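Just below sit the structures, each encoded as structure tokens.
In what comes next, chain A is part of two complexes: it sits with chain B in the first one and with chain C in the second one.
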Partner chain A sequence: MALTTTQSGLSRARRGVAPGGPGTAPVKRRSKLSAQTSRTFFWLLLPSVVLLVLIHGYPLIHAAVQATHDGNLLQTGNFVGGENFSTVLTSPAFWKAAQFTLWFTIVGVFGSWLVGLGLALLLRTKIPAGGTFKVLLLLPWVVPIVVSSTAWNWLVATPDSLIPSLFRNLGLGTPLFLADPTLASITVMVFKVWVSFPFMMMMISAALASVDSTVYEAASMDGATRWQQFSQITLPLIARSTYISWILMTIFCVNDFPTIYLLTGGGPVSATTSLVVLAYRTVFQDFATGPGVAIAFLMTMTLVVISVILYRQIRKSSVE
Partner chain B sequence: MSAVLHAHPESGPALGVDAGKPRKVLSEAGQRGRWWRFTAILAITAIVLVPIVVTVLLAFTPGPNSTATGLTFENISNVFSKTLAATWLKNSLITTLATVIISVAVAAPAGYVLSRGRSKAVSGYSLLLFVMQSLPIITSVVPLFILFAGMGLVDNLMGLTIIYVGSTMTVATWMMAAYFDSIPISLEEASWIDGCSVFGSFTKVVLRNSLPGILSTAIFSFLLAWNDYLVAIVFLRSNEIFTLPMGVQSFFQQNATDWTSVMALAVIMMLPPVIVFATLNKYFSVGGIGGSLAGR
Partner chain C sequence: MSAKSSIASPAFSRRGFLGFAAAAASAPLLAACGGGSASQGGGGGASGTVKFWDMPWATPAYNDAAKGIAEGFSGASGSKATYQTIQWNNFYQTFSSAIASKTGPAVSTGGGFQAFQFEQQGQIAYADKAIEKLKASGQFNDFLPGVLDPFKSDKGYVAVPWQLDMRVFWYRKSLFEKANVALPTDWPSLLEAGKALKKVGAFGFTTGAGAGNNYANHSMIMMMVNNGGGVFNKDGELDLLNDRNVEAMEFVLELVSNGIVDPAAVSYTTDNMSAQWKDGKAGFGLFQVNVPERVGDTSGDLLVADPLTGPHGDKATIVFPNNIMMYTNTPSQDASEEFLVYYLGQLKQLWQKKLMSALPVFKSITELPEFAGDPNNVKIVKDWQPIAKTFASQGNSLNANLAALDGGQALNQFSQTIITGKSDAKTALQAFQSGLESVLKK
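And then the complex of A and B:
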């Protein structure tokens, strides 16, 4: 938590002085140190650069090649230009998956944010066993998706599972949580919110911890209501951290695979197939490498554009 | 957290001479609010934890063919004797620990450069890391599958580790950089004057004071590697090379009705991250992830 609070001041300090930068050292010494610094920096960064090229750079270029060829997992095949892309862009399955991904992301980001915000506000003041609750509430995020999806399966999958039985006993009918297309989509989104809200809670708690409490005392002396205090003080003060958490969660949701795949496998009848699940199925179940990679590549290009814009925005907002 | 506790009126300082009366009123209201909040949190936590409680309860409930009564460790021992659970656990531990160690070893020096360097190249690299971490792993998985197949790294724990390190290193590098930002540069300057090299002051001065940052990064890498499913499902083929996520999933698909055994396996899988988090949670802050992103 200390990291965020000390961030801005120290990064300002950091910009002021750097190794080999302006200081009291004599000119000659400084330039020697500066040359040594660049050399050391080069070696310190090298392993990271090598990995980035191997795990991210090379595959990206290779993916571009595959997306324009008609090969399979073993051979690259012949160059077909934009054919894979036009196949993908004209297929209804792609647009259906894109639509689901959009809804999944919107509900995932704002749902988990609202739950996380509510809990962070509740846990902010002193309550008995507050620390214990904080750790317990992080469990959905810490427990592996493979485990929690199994538990959710046990709870909702068949008409005789715990929750459908509960509905039946209450006289509400027997909802088929994973068999009905609409209900399955909702279940997957609720599951995503359940998995993600602790992340939001931690982000918001960290931001709230750095808010000076005297502001509220002053506000309540001036007669500000609870709602006014929340909307005029709390929200603006956590705005930047909220913005960053939205960005990160958007990326997490768009790229999510296990949450959806392990709970529903993308079904029923592809109702919960997101773009990542579609790409996975196209490549590894239909063995259509070209179109599958083309889907992944379209996602990649969209995310590159979005992330460059957002990165600029974050930097701009942190300078202000 | 202690800083925010004062936000509540009841714990505020006395406000001048006539503060006595209104303070008492506020305090009563505050007390009621406190219990209301406690009840709300208790109820929410109980609902949220249902899937996890269910998992643990089923894991210790006697199975259909069991003679045991009450809670039992039978399922856990059965799972170890009937399945390759021990092998999967070992595979997961090896892969995860290797990922954690290599990630920190790669991210710490890179994070130091990101924290202290001021050149165009350094800020360009920072942007590159941000873009790369936002890309779907599925894009790299297919080309890497082809590349690794040629090198014998498919169905191989080393291949898996390489990809995990690659996918943790971006965020791990920021987390390290954010932590290094909080270490005053005057410490390094003092060591340079004493004749220490830049590398020497990084290892002897900066790293030595970075244990919380290193632990935080290590926990992050641990969770990512331990919980991964997408890379494992693509790259692992044979039963004895499976990591726990693949093991649990394959066992679940074959024995979907044997819930007590499935949950016993699930409990074995969730125990290590829960233990790591319970013991080290004070070092971990996702705020650090956001802060590191905003700081540069």
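And then the complex of A and C:
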């Protein structure tokens, strides 16, 4: 009975009912306030919603029109239904680009996450000039991609560039990092990881900062090993941030145009052509607007599906 | 409480705030809708101001000089001109968006086949009247032979050429001396020279197909044309699988298999390629006009070679006649034409100041001491210009489809396949033909 009274009290407290206050009347008052508040929110939000619909809706509708017509950037052309989509989906170039995009995204997301996690954990320990290191480690993310891709190009492009020369001097031959299809793919992915790990490091550092150190002290007292502390405490506690960073990095990787285009242009022989590069080249180099926009549509749909799956994981991790 | 927001003040009602928010929200929309108004200079601007868009054809000094020329224009009816540089990145999108929103130029330079693309979309004003004015002033007779012909369509002149982006063979004299081999005059001697250059650590067929680099594309088409072949036949139909093209590509593959083409060339940007020329790794290869200035070696060691004779006696190279076009969206077609004629008449300044990396289209400019003082320029005009063909070869008229060929995925893929030796000539040409068929408008 006492328990029931306590639960009832907590319930009333959560509803904002003062002890000894009326039972149902305040609830009515609350719902009246809610309706007013909702209307206020509605009118306050309306301008932003209208803007967002116009900003995102108009290009989306325009793109849908282009994807279902055979026109160009200036003229809509004739309605062709799903022909552009079927052209794209039956093209070997599309599937080759999709395959590269998949690998590029997997390596980009998890590679940068692993490096970022490692460095975030390292920077949590007391190392000399930790602040300076943090700033230096942010440089790949901060430096404009045009500058870093040019720098990487000069490091690896010709047989006499620094890295191939280094390999040669070590007796490892002269690898052609951008001319060999496999090496070019690896180089582009490594470049992506290098550019992206500071973002992951920042996200994880922020998540780690919110973890109470007493949790680890308690775990140590219970005899947990460092690995157990990492796998059973650290990873679950930063799971929410991790999923958010994965969603963001997946979007960054799938939509990443400059990293690839500036370093390899999608070559050699399409080895590093991702879907976004293919879409760009189809629209602006082959001047085939419909198929190019169809590729972009398919990419968007895929990203939405991936984002929904990862968002569900976030909600699941929040509940847990 | 001194920092109390005015929004929280009782004088600022909720309704007032909503009204303010709606006004703020609609402001960018109204601004966007007003983008094409005359006040923004749409279609060349009000009161006869001709909007001229130009590309970065050379160093920034070029654009400064071109701006000076454009802004010096003063038409008979008081019309003026404004100048704007448009970057090559996404230039077609830039032009398309501007034209669609009626904020595009009245006159512009641009991509080699851009005029034909916009003509197809009804946006180009034909230059026949401007040509008549050039005839009346006598400047028409100053054009080098044949440079105007590719721009004549059934409906009129689509654009007027102003410079020729020529592809010619260059060589480094000291490397040939070091290799103790004669300059090539035909394909067999090119192969022999390439083998000799390889022994001294240089490449005899320098090219590049990396990001944004079209020189490998141009080298492939040039070799086809040099063998009497080409992408199109005389009727303008796609004809990639002809015997001459197969023979030409088999020869390039032979160069590749002999190590005469740099194995890393497939990834070379134009900067990488220029560095190869500067560093003495490039012995011979196709490049543009003014290579010594471009690569930064004006010692006199980099020289223009003789055109090669193909196995069947053909001699040819390719040229991109860059042009100036007029658009239908102009404040005054008369002013556009007047500006075009004026600008063509002032072009010599650009060569006098040695700002150009291309050949002029006017004989009088080729005779300027600033141009003719360079023996490489003289050789190009004398030996290469007369044998130059456009991308449309063996056909002669340019068209919008060539835009999808030059820089398109099909040609790029083909060039990369050949210079990496990944395929035999027929298979690569077949794939090229299929790729082009899928993007060329019927």
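The rule is short, and it goes like this: the second predicted complex is superposed on the first by the 250 of 320 C-alpha atoms of A that agree within 3 Å, B and C clash if a C-alpha of one lies under 4 Å from a C-alpha of the other, contacts with A are read in each partner's own complex, and residues count from 1 in each chain.
As a convention for this text, contacts are C-beta pairs under 8 Å (C-beta built on N, C-alpha and C of every residue); 3 or more make two chains touch, one makes a residue touch a chain.
Source: prediction; values computed, not measured.
When the two structures are aligned on the shared chain, A:L73 is found in touch with chain B and with chain C.
In the superposition on chain A, contact is made by A:L44 with both chain B and chain C.
Shared-chain residue A:R281: touches chain C; no touch with chain B.
In the superposition on chain A, A:T264 contacts chain C only, with no contact to chain B.
Contact with chain C, but none with chain B, is seen for A:A179 once the two complexes are overlaid on the shared chain. Touching of chain A by both chain B and chain C, each in its own complex, is seen for residues 40, 43-44, 47-48, 51, 54, 73-74, 153, 261-262, 284. On chain C, the positions that touch chain A within their shared complex are 14, 17-18, 21-22, 24-26, 28-29, 90, 92-93, 96-97, 99-100, 117-118, 121, 123, 209-213, 262-269, 272, 275-276, 279, 281, 403-404, 407-410, 412-413, 416-417, 420, 422, 439.
For chain B in complex with chain A, the residues that touch the partner chain are 1, 3-9, 11-12, 15, 34, 37-38, 40-42, 44-45, 48-52, 54-55, 58, 105-107, 109-110, 112-113, 115-118, 122, 125, 127-147, 149, 162-163, 165-167, 169-170, 173, 178-179, 181-182, 184-185, 188-189, 192-193, 197-199, 202, 223, 226-227, 229-230, 234, 244-245, 248-249, 252, 259, 262-263, 266-267, 269-270, 273-274, 277-278, 281, 285-296. Residues 40, 43-44, 46-48, 50-51, 54, 72-75, 93, 153, 157-160, 176, 178-179, 184, 261-270, 281-282, 284-288 of chain A are the ones that touch chain C when the two sit in their complex.
Listed in rising order, the residues of chain A touching chain B in the complex are 1-4, 6-8, 10-11, 13-15, 17-19, 21, 23, 25, 33, 36-37, 40-41, 43-45, 47-49, 51-52, 54-56, 58-60, 62-63, 66, 73-74, 119, 122-130, 133, 135-140, 142-148, 150-155, 162, 194, 199, 202-203, 205-214, 216-217, 220-221, 240-241, 244-245, 248, 251, 254-255, 257-258, 261-262, 275-276, 279-280, 283-284, 289, 292-293, 296-297, 299-300, 303-304, 306-308, 311, 314-315, 317-318.
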